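First the structure, which I've put down as structure tokens, then a few questions once you've had a look.
Which chain is which? They are A, B and C, in the order written, and residues in each are numbered from 1.
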Amino acid sequence: MTKIVLTQRDHRVLSAIKGPTGPEHRQLANEVMKMALEKANLQLDEISYVVATGYGRLNVPFADRQITELTCHARGVSSLFTNVRTAIDIGGQDAKCMKINNGKMVDFVMNDKCAAGTGRFLEIIAATLGAKVEQLGDISLKSTKKLEISSFCTIFAQQEVVTRLSDGENLEDIIAGLHDALASRVAGLARRLKIEPDVVLTGGVAKNAGIVKAMKENLGCELLIPEDPLLTGALGAAILANEYFQKAMSKAEASPTKARRLEKAIFFR
Amino acid sequence: MAEEAKKKAISRLKSMYPLRAKVDETYLKSVEAMRAGKPTVWAMLNFYYGDPIIKAMDLEVVYPENYGAAMAAMGVAQSYLDRADAEGFPTHLCGYSRANLGYTSRMMKELKGEIPPEAPLGGMPKPIFLMASTAVCDARYKWFQALGRYMDVPVWTFEAPIPGVKELFMEGSYERMVDLGVKHAREFVVFVERVLGKKMDWDRLSETVDLMIEINELWHETNELRKAKPCPMHGRDFWSSMSPALFLMGDLKDSLQCFRNMYDEVKYRVDNHIGAIAQEKYRLLFAELPPWHSLGFFNRLAERGWNFVVESFGYHPPMPLDLNGFSDPLERLTRFSLQVYVGYYRDALEQNVPAGSFAYPYLKYAREWKCDGAFLHPLISCRSASTHLPYVSNVLMERLKVPSLTIEGDIVDLRLFDPEDAISKAEPFEETMEHYRRIRRQEGLDW
Amino acid sequence: MIDKSKGLSKAKGIYANRSHRVKELKAEGKKIIGYPCMYVPLEIITALDLISYRTYGDMAEPVTEADRALPTAFCPIMRSCLDCALKAKDDFLDGIVTTHSCDPQEKTARVWESYINYSYFHFIDMPGTLRPEALEYYRGQIGDFKKSLESFAAKELSSDKVKAAIRLHNRQRALVRELYELTKPEPPLISGTEILQVVKALMSLPVTEGNELLDQAISEVQGRTDGPQKKPARLLVWSNTLDDIDIMQIFEAGANVVIDESCGGIRAYRADVMLTDDPLDGLTHYYATEITCARTFREAVFGEASKDYMVDLESRFGHLKHIAKEWNADGAIFLLVRYCDPFAFEMPSIKDYFDSFGIPSTYIEYDYTQGSLAPLRTRVEAFLETIS
């Protein structure tokens, strides 16, 4: 997904937009930007500084700077929760954990090699069951029996789901078991950083109540979740954009804002 | 009834039971001794090299590799693996090492040196030293070095030289290997004496070494008998009996008697054409580590006529050699230990197989034990037991027209081995084996 | 006008077409001996008037042929190396010398020997420790290598010839160290990318031509005004072998790589071979102890009956602290290839060590494919963001 957050200098959010990113959309950050500008009633040249983050950060020709999503998430989460020390983000295709000290990221771990432990895991399972990803969380909360999904791999987990169903296990218990498997992967990743409270969970998967429950159990601690867990990266990027801009202006440098046009990314010249 | 029939699918040797029991007895005695505070060594499988010295010094020894297998079989490895991950050990490292690193971290960091109460089989106490070995893989000495993070305990690393096949036969090369081994073993004795503050009893060492050699020579003869058709002894009996010979467990004179009994029983079967399974249709070789937790799987194959006649050469006793004329027990020990690899080298040279250390033995086995197929079991987190298997499979087919069946598993994540999947592959593989039997006949091979 | 036949430009050209020179030499009748690991005593090859040539994998080449002999869960560098050999990319080689530096090297060596019919093949066994009896054994192994190569070259090596070769290779080591002195200034006068190209060029040329290239590069760099831009951080990179500028360029997008302790960097040049009466003694000592690959079991005191973790770390990694301080590194990246056991077991101890003297570090794993570059970039950038 492509997410854009426009803020004022005091970090007040002027508009926040989420747009799809598929193979045909990855050049089109500009389209999502148009939507964001419209919503905030602004023109492109009124934006002082643009920071691009995430996998596609190199595909944003109108960005002034690229910063990794790790730093941006950490920043965004710190602005919402002042005492955060550990941030966990479970995205659609990766999972990352960040150690934060006074609003700054000081250490990180990431899993982007394998679908197990990411939103993709749930998407594949939902497809296997013919269910919607958004429904999975509520179904899992109805579980009454602890089932262990033993496969460490998404593909094998798919097979295991089918086997369990034919064994007569309840759908709720299976789905709860899958949530537990995902949470267990992510918790394992997070533990490499020595988890300290406050712990914040973000990412699309954080909207899934079943995952939140499973994460709390696996981590053995409370979790804070922002109102919109999908936007913390873009929010952090906006905050950092402001910081870079302020720093440059205070040095009385020429404006750091690059000349820009709202155009799509060109990959080959 | 079906269960009983399945159990009887393999006719187990009566003489196997005392040997198998020895493993458990030795282990329990060991746990008692450790609880009583007897000094303990953590050791790698060291192929007859350090074990006699340890034994002669009356030290208790535990093998974290074996303990890892036990943890896995009892389903308790996961928490230790998770702990190792959290400590920052890369996840592709050997599963046994990570389980042990996690275990040690828990014991030393959390419990201040006390054995974790949840540890199975009485756990492993903090050792007085670690006995590593360069044999088989890099992990087997780097792992013990890494334990230094949790325990300030000395590490002794045994050298296990492994030259190239033709390189071994260069002038003086073998003698230099022996020289290294003898000097090294001597230094090890000095080290152990220093750590324990007591002197080596050389007579006892000499006796231990000689018993070890005698046991293994007898064990070698016993396995040679398995060349007979039908094969009198199934791989399951090999795996159940091998530990007292490989690890010098318990009273060696008693072990010697047990192995004598086994030789006699196997000889009796050979003389009377008694096979280990009712109808031997296929003779298989197995490499490398069997699925310890799932050995009943072999009974199902036995019902189909699959007899496992020979297995991993690393577990087999080394090729015998004449050790008369070497009065120094350390020299006898060294030359014997070196045989694990170089025992095969002369043949490998003649047959022009450069991989004398990890592939040639299987060519020899397939030919001499007349195998119809090779059952290859790569293990995801044990690369040293797996990475040579594709090559072994190629060379068996290229040279001897013996096909291989590859079924994956793991040493700590035991769920990776799927017996149902393996059985479903057995049937088509039977056709493959029959096909290649015909091909071998055409090519003039005699099995 | 840049003279492409000299110095840094020449190195760049060689990097892009590594085998050009050895093919010329082969046409002139020279014999080329390949080696996949820096533990091979090159001096013996040089002394016999043969040309040594480092065989590498290729990150840009998808592995296909090696699949029939080596599984995917295997050192990707050696897998790629074998793959290239099976695809006859190195078919100008007359022979190769392999070593027991690590399991993948040992396994690949035997497979390589079976599948490809070189005129010359020799495997040098190596001990795991540095104990006196182990070094004695290794001395014997090097002696055997010398004998077998003499046999292949149909020549005998006098002690003087070996010493002459040692001097030439020591000269190269000294020149490389001189080149690395030029990364000490702020900003460094030469980039990690440029050094990687020079080192890779050295491993593709006869030693005398390599020395000439170094002389040119050093004076060129000393006098240059177009050196690398100052970046927010100075990095130490610790790796198995670093052989691709795509990786260097990821580091150097946001930092100056001032020193890389890897087999594509300073590791094989950090110290000199001692000139001993019997030159093979000096070679034995150098290759066993001075090549700081993680495969060697180093202990503070042989057969020590007591142990201290920090003393142990110092004996294993002390040279890195020295390097980090000499080159004023702000941070260290431990870049390891997946499935490398000796290096992977150094984690997290090496991080403990760097923490002990206050240099931030991070561990990044990659799998020697083009696909691993994007995740690598994210992690490198994130690390640089944490230390700036």
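Just so we're on the same page, a contact is a pair of C-beta atoms (placed from the backbone, for glycine too) under 8 Å apart; a residue touches a chain by one contact, two chains touch by 3 or more.
Worth saying up front: this structure is predicted, and the values here are computed from it rather than measured.
In graph terms, nodes being chains and edges touches, is this line, ring, star, complete or other?
Contact pattern: complete, every chain touching every other.
Given the two chain pairs A-C and B-C, which is bridged by the higher number of C-beta pairs in contact?
Spelling it out, more C-beta pairs touch across B-C than across the other pair.
Indicate the whole-number Å distance between the mean C-alpha point of subunit A and the mean C-alpha point of subunit B.
48
Could you give the separation in Å between the centres of subunit A and subunit C, each centre being the mean of its C-alpha atoms?
The answer is 39 Å.
Using CA atom averages as chain centres, what separation in Å is found between subunit B and subunit C?
The mean C-alpha positions of subunit B and subunit C differ by 35 Å.
Which subunit C residues touch at least two other chains?
Not one residue of subunit C touches more than one other chain, so the list is empty.
Which positions in subunit B touch two or more other chains at once?
Residues 87-88 of subunit B each touch two or more of the other chains.
Okay, in this complex, where on subunit A does subunit C touch?
Listed in rising order, the residues of subunit A that touch subunit C are 55, 66-71, 104-108, 110, 112-113.
Which residues, counting only subunit A, touch subunit B once they are in their complex?
150-152, 188, 191-192, 194
Note which residues of subunit B are touching subunit C in the complex, please.
Interface residues on subunit B, with respect to subunit C: 87-90, 92-94, 97, 132, 134, 137-139, 141-143, 145-146, 148-149, 152-157, 159, 161-164, 167, 170-173, 176-177, 179-180, 183-184, 187, 190-191, 194-195, 353-359, 378, 380, 383-384, 386-391, 394-395.
Which residues of subunit C touch subunit B in the complex?
Its residues touching subunit B are 68-71, 73-74, 100, 102-104, 106-107, 109-111, 113-114, 121-125, 127-129, 131-134, 136-137, 140-141, 144, 147-148, 294-295, 297, 299, 303-309, 312, 336, 338-339, 341-342, 344-349, 351-352, 363, 365.
Give every residue of subunit C touching subunit A within the complex, in rising order.
The touching residues are 362, 374-375, 378-379, 381-383, 385-386.
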